[in-house]
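Structure in C-alpha cells, see below.
We just call them A, B, C and D in the order they show up, numbering each chain from 1.
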Amino acid sequence: MTATLERLPLLVRDWITGFFPEPVRWLVSGLLAIVAILAVFGLYFAYLTLAERKFLGRFQNRPGPNRTGPFGLLQPFADAVKALTKEDIVPQAADKLLHFLAPCLVVAFGLISFAVIPFGRYLIPVDLDAAVLYFFAAGVSSELALFMAGWASHNKYSMISAMRALAQLISYELPLLLAVVPVIMLSGTLSTSKIVVAQGGWTFGIIPHWNVLTPWGFAGFFIFMIAAVAETNRSPFDLPEAESELIAGHLTEYSGFKYALFFMAEYFGMSALCGLGVTLFLGGWQAPIDILQVVPSYVWFMVKLSCVIFCLMWVRATLLRLRIDQLTRLAWKFLVPLGLINLGNAAFWHLSADWSGPLQIVRWAISAAVIVIPFVLIGRTLSSGLAPRTYRYAT
Amino acid sequence: MTTLQLCLVISSLLFCIGLVGALSRSHTILVLLGIELMLNAANMNFIAFWRFGASPTAATGVLFAIFSIAVAAAEAAVGLALVIAVYRHQKSVRLEEANRLKG
Amino acid sequence: MLGSGIIKGLAVTAKNFVGSFHDPERLPTVEYPEKRLTLPEAYRSFPFLVFDGENAIDGLRCVACKMCENECPPQCIYIIPERDEKGRPVKKPKVFDIDLSVCMGCQICVEVCPFDSIKMDQVFEVAATNRFEGLIAHREMLAKSNTYYHQIRPTEAAEVDTRLAEEKRLAEEKAKAAAAAKAAAAAKAAAAPKPVATTAPASATAPAAAPASPAKPAVAAPSPSPSSSSSAAAPMAAAPKPPATTP
Amino acid sequence: MNLILVLIGGLMLTAAAVAMSLRNIIHSALLLIGSWLGVSFFYLWAGAEFVAFAQVLVYVGAVSMVVLFAVLLTRRDRQDVVVAPETRTRAISALLVGGSVAGLLVSAVLGTPLATGPAETPTLTVKDLGTLLAGPQAAGLLIAGVILTVALLGAVVLAATDSGKEDAS
C-alpha cells in the first residue's frame, strides 16, 4: 500500500506514456513532467497568494479575503480573471521588445529552477550530476529579467529599482553559495537527490539526520534563508519594489497579465529557493520520524516546503524593510564572514566524523562554540551604538 | 568536415566577431565585451578538443576551461573597474578621448 | 544579542496570529455589509432637515433664514425661500440643496441654526453613479422626521424637544401676556397713550416670534435661555438675535 | 547531432554579430548575454555539464551584472547608452582584419588533419573533476583563487572614490 502510494505518480506517468509508441515516450514523459510542475505549482502559487493574504491578515488582526467563495477560496481565480481582463499598457517611450520579454523571461527562469528539486523519492524531473550548480545558474538569470523590466519601462523609479535588484543580487549571491558549500562538502556531491539520500536515517527512530540538526547546518540554514529572502526580493528585503519609495519599482509600468506574471515569478522563485533549502537542510522528502514513513515522500516535501514558506510570511508580517546600505552591510559584514566561519566549522565536523562516546559531546561543543562566538561578537560590533534605544513618546 | 572541425569553425567565427567588435567600436565597454567573446571562443576550443580529441579521459580541456572562466570573471571585474576609473577622470568612455598619460 | 529584537517581534505577531483564531479581542474586524457596528451617538456624516408631524415638506422646521447658507465654509448649501402668490416670502424653503460631494461635515450649519431644523445625519453610504446629480441632496431627500432624529441620537433629540417645548410655552405665555397687555392697553387707551413700555423684557424675542405665528405659531423662537448652554448640541445658546429677514 | 550544433552555433554567432553592431549598449550587452548562453548550450551539448553551468553562473550571473552596472554608472543621461556610429574607415578596416583572420583560421582548421578520438561522450562526473582539482591540479586552483582575490581587491581599489581628492578637484 505504502509502496503503491509512493510510486503513484510514476504509475500515472507510465499509464499515460503507454498510449504512445516507443520512440516518442521519452518526449511524452518529459512533457508530462513539465505539465505536472506547471499544474501543481501553478495551483500552489494560486493558493499561496491566498494563504499569504489570509495569514498576513491574521498576523495583523484581521480576517483577510473571505468574500469570493467559501473562506475566500475562489479569490485566486477572481484575481486571475481580473488580471487577464485588465488593459495592458505599454508606455510610449518604453523599450517595447524588452518590456515584453522581461515578464516572460522572469517566469521562465523561475520555472526552470524546479527541474532539479527532488519532490519525492522517485520524483525528480532531471537528476543532474551538477544539480546545485544548475539551480544557481538558473536562479541568477531571473535577476537579469528584473533589470530588463526596470530598464525597459523608461521610468526613473523602475531604473533605480533595477540598479537595486542588481546590487542586491550581487551582495546576496555570495552568502547563499557560502551557506550551500558546507552541505556539498559534507555530502560529497552536487546532486540534489544524493544530498537528500545522505540525510536519511534516524537516531533511536525519532531524531532525523537532517543537516539542520547539526551546528553548522543550523547556522547554514539561517544564512541560507536570510539570503534566500533577499534573493527573492521579499520583505524585509523587498527594496527593488519598495512601494513607499519607488511606487512599485520595476512593476510600476506593468499592468494586467504582465504584472500577474511578475507576481507569479516571485512566488515560483520563492517556492524553488525554499524547496532547495528544504532539500539541502531539512532532509528533502525524508520523513521526520521513522514510523511516519507510511506517508508518501512527496507529501513530506510539500509539508516542509509549506512550513518554510509560512515562516517567510511570518517574517514578512513582522519585520520592516531595510535601507539599501543596511542591506548590503548585512550581507558583507555579517553573512559573508559567518558563512566563511561556518565553512571551517563544517570542515571540522567532517574531520571529526569518527569521534564517538564522550568525544561526541566535545565535538558538538566545539562546533557550536565556533559558530556562536563569532555570531555574538560580530553582532555586538554591528549593533554597537544602536541599542538600547530610548524613545521619548513611545513606550 | 568532421564534427570537431565544425566546432572549431564556429569558435573561429566567434573569435573573429569578437575581434571585429573590439577593433571597430570605440566605446570601452564594448571593446571589453569583444575581448570577452574572444575568450569564450578560446574556451569553446578547449571543450571541443576534450570532447572529440584523441584522449578524452584526460579532462585537461575541461579543467582548463574552468580556470579560464574563473580568470575571465576576474578580468571582467578589473576591466570594468578601470572603465569606471577612466570615466571619472575623463568624463567619457570613448577610447579616443582617453589619450593622456597624466591623470 | 543580535536578533533578540527580531525574536521579540516574531513573538508579538505569533500571538496575533494564534489569538485571532480564538480571542475576539484579537480580531476586531466586523464583516461590514452583513454585520454593522452601532454607531456612537456623536457620529456624524452629512446634514439633514428635521420635520415635525406627518408631512415632510409642510412640517419642516426650516424657515429659509439662510444662516446656514451664509455660514457654510465650503458653501455647499443652496436655499431659495418659498414665496406666496403675491411674491412675499413665506417662511419655508422652496429649494434646499446640499452638495454632498462638497460638504465636509463640519457641523457649522447645525451650530448656527436658530430653529433646530438642520441636524447631522449618520448615513455614510451615499455612493452615487453620477458625480453631479447623484450627490446633490434635494429638500425631499434631506427632510427626515423628528422620530428618525430621536432614533439616531436620543439624548440630543430629547434635549432639543424639551427646549422647543419650553420655548413654545414661553412664547404662548408671552403671547398671552402680550394679549393681556394689549387688552390692558386698550382698556387704558383713553387714559395713557404709551402701552408698549410695560413689555420691555420680552421685546428681544418679539420681532421673530410675532411674524412666525401665522405659519407655525409654536415652533420658532430663539431663546437666550442659559440652561441649555452646557450642551454642545444646543447651538443657539449663545446665538444672537436672528437678522430680520422678514418685514 | 551536427544539426543541433549548427543551430546552437548559428544562434550564438548571430547574437554576437548583432550585439557588436548595435548602437544601444544595453541591447548589445543583453544580446551578448544571449550569445554567452549559446556558448553554455554548446558546452552542454558537448557533455561538459559542469562547465556549462559555471559559464552561466559566471557570465550571465556575474559578468553581465558588472557590465550593466558599468554601463549605468558611466552615463549622464538616458541617451548616453546610444553611442555615436563609428567612422567608416575604422569599420571597414576592422572588418577587413576580422575577415582575413577568419579566413586564415577557417582554412587552417579545414586544412589540418585532426586526430579524433572515440565518438561516444566521455563521462566526467563532478566528483572526478573535484578529485582532479583538489589533487593534481591543486596548484592551479590555488593560483586561480589568489588571482580572483587580488582582482577583487584591485577592482575595489580602482573603482573606489577617493573622497578627499574629489573634494579638491
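Some notes on this structure:
The rule is short, and it goes like this: a residue touches a chain if its C-beta (ideal position, glycine included) is under 8 Å from a C-beta of that chain, and two chains touch if they have at least 3 such contacts.
On a predicted model such as this, the values are computed, not experimentally measured, just so you know.
The minimal number of chain-to-chain contact steps leading from chain A to chain B is 2. Each chain's centre was taken as the mean of its CA atoms, and the one lying most distant from chain A is C. Spacing of chain A relative to chain C, judged by their CA centroids, is 62 angstrom.
Chain A and chain D have Cα centroids lying 29 Å from one another. If you average the CA atoms of chain B and of chain D, the two centres end up 5 Å from each other. Inter-chain spacing, taken between the CA centroids of chain B and chain C, is 84 Å. Under the contact definition stated at the top, the residues of chain D that touch 2 or more other chains are 50, 54, 62, 69.
The multi-chain contact residues of chain A, meaning those touching 2 or more other chains, do not exist; every residue touches at most one other chain.
Counting partners per residue, chain B has no residue that reaches two or more other chains. The touch graph of the protein chains shown is a line. Interfaces, counted as pairs of touching chains, are A-C, A-D, B-D.
Residues of chain D that touch chain A in their complex: 26-27, 30, 33, 49-50, 53-54, 56-57, 60-62, 64-65, 68-69, 72, 78, 125-127. Of all the residues in chain A, the ones that touch chain D in their complex are 98, 128-130, 133-134, 136-138, 140-141, 143-144, 147-148, 151, 154, 159, 163, 166-167, 169-170, 173, 188-191. Residues of chain D touching chain B in their complex: 1-2, 5-6, 9, 12-13, 16-17, 19-20, 25, 28-29, 32, 35-36, 39, 42-43, 46-48, 50-51, 54-55, 58-59, 62-63, 66-67, 69-71, 73-74, 83, 86, 90-91, 93-95, 97-99, 101-102, 105-106, 109-110, 114-118, 121-122, 124, 128-129, 132-133, 137, 140, 144, 147-148, 150-152, 154-156, 158-159, 161. The residues of chain C lying in touch with chain A in their complex are 1-3, 5-6, 9-10, 12-14, 16-17, 19-21, 26-29, 31.
Of all residues in chain B, those touching chain D in their complex are 1-10, 12-21, 23-27, 29-30, 32-34, 36-37, 40, 43-44, 47-48, 50-57, 59, 62-63, 65-67, 69-78, 80-85, 87-88, 93.
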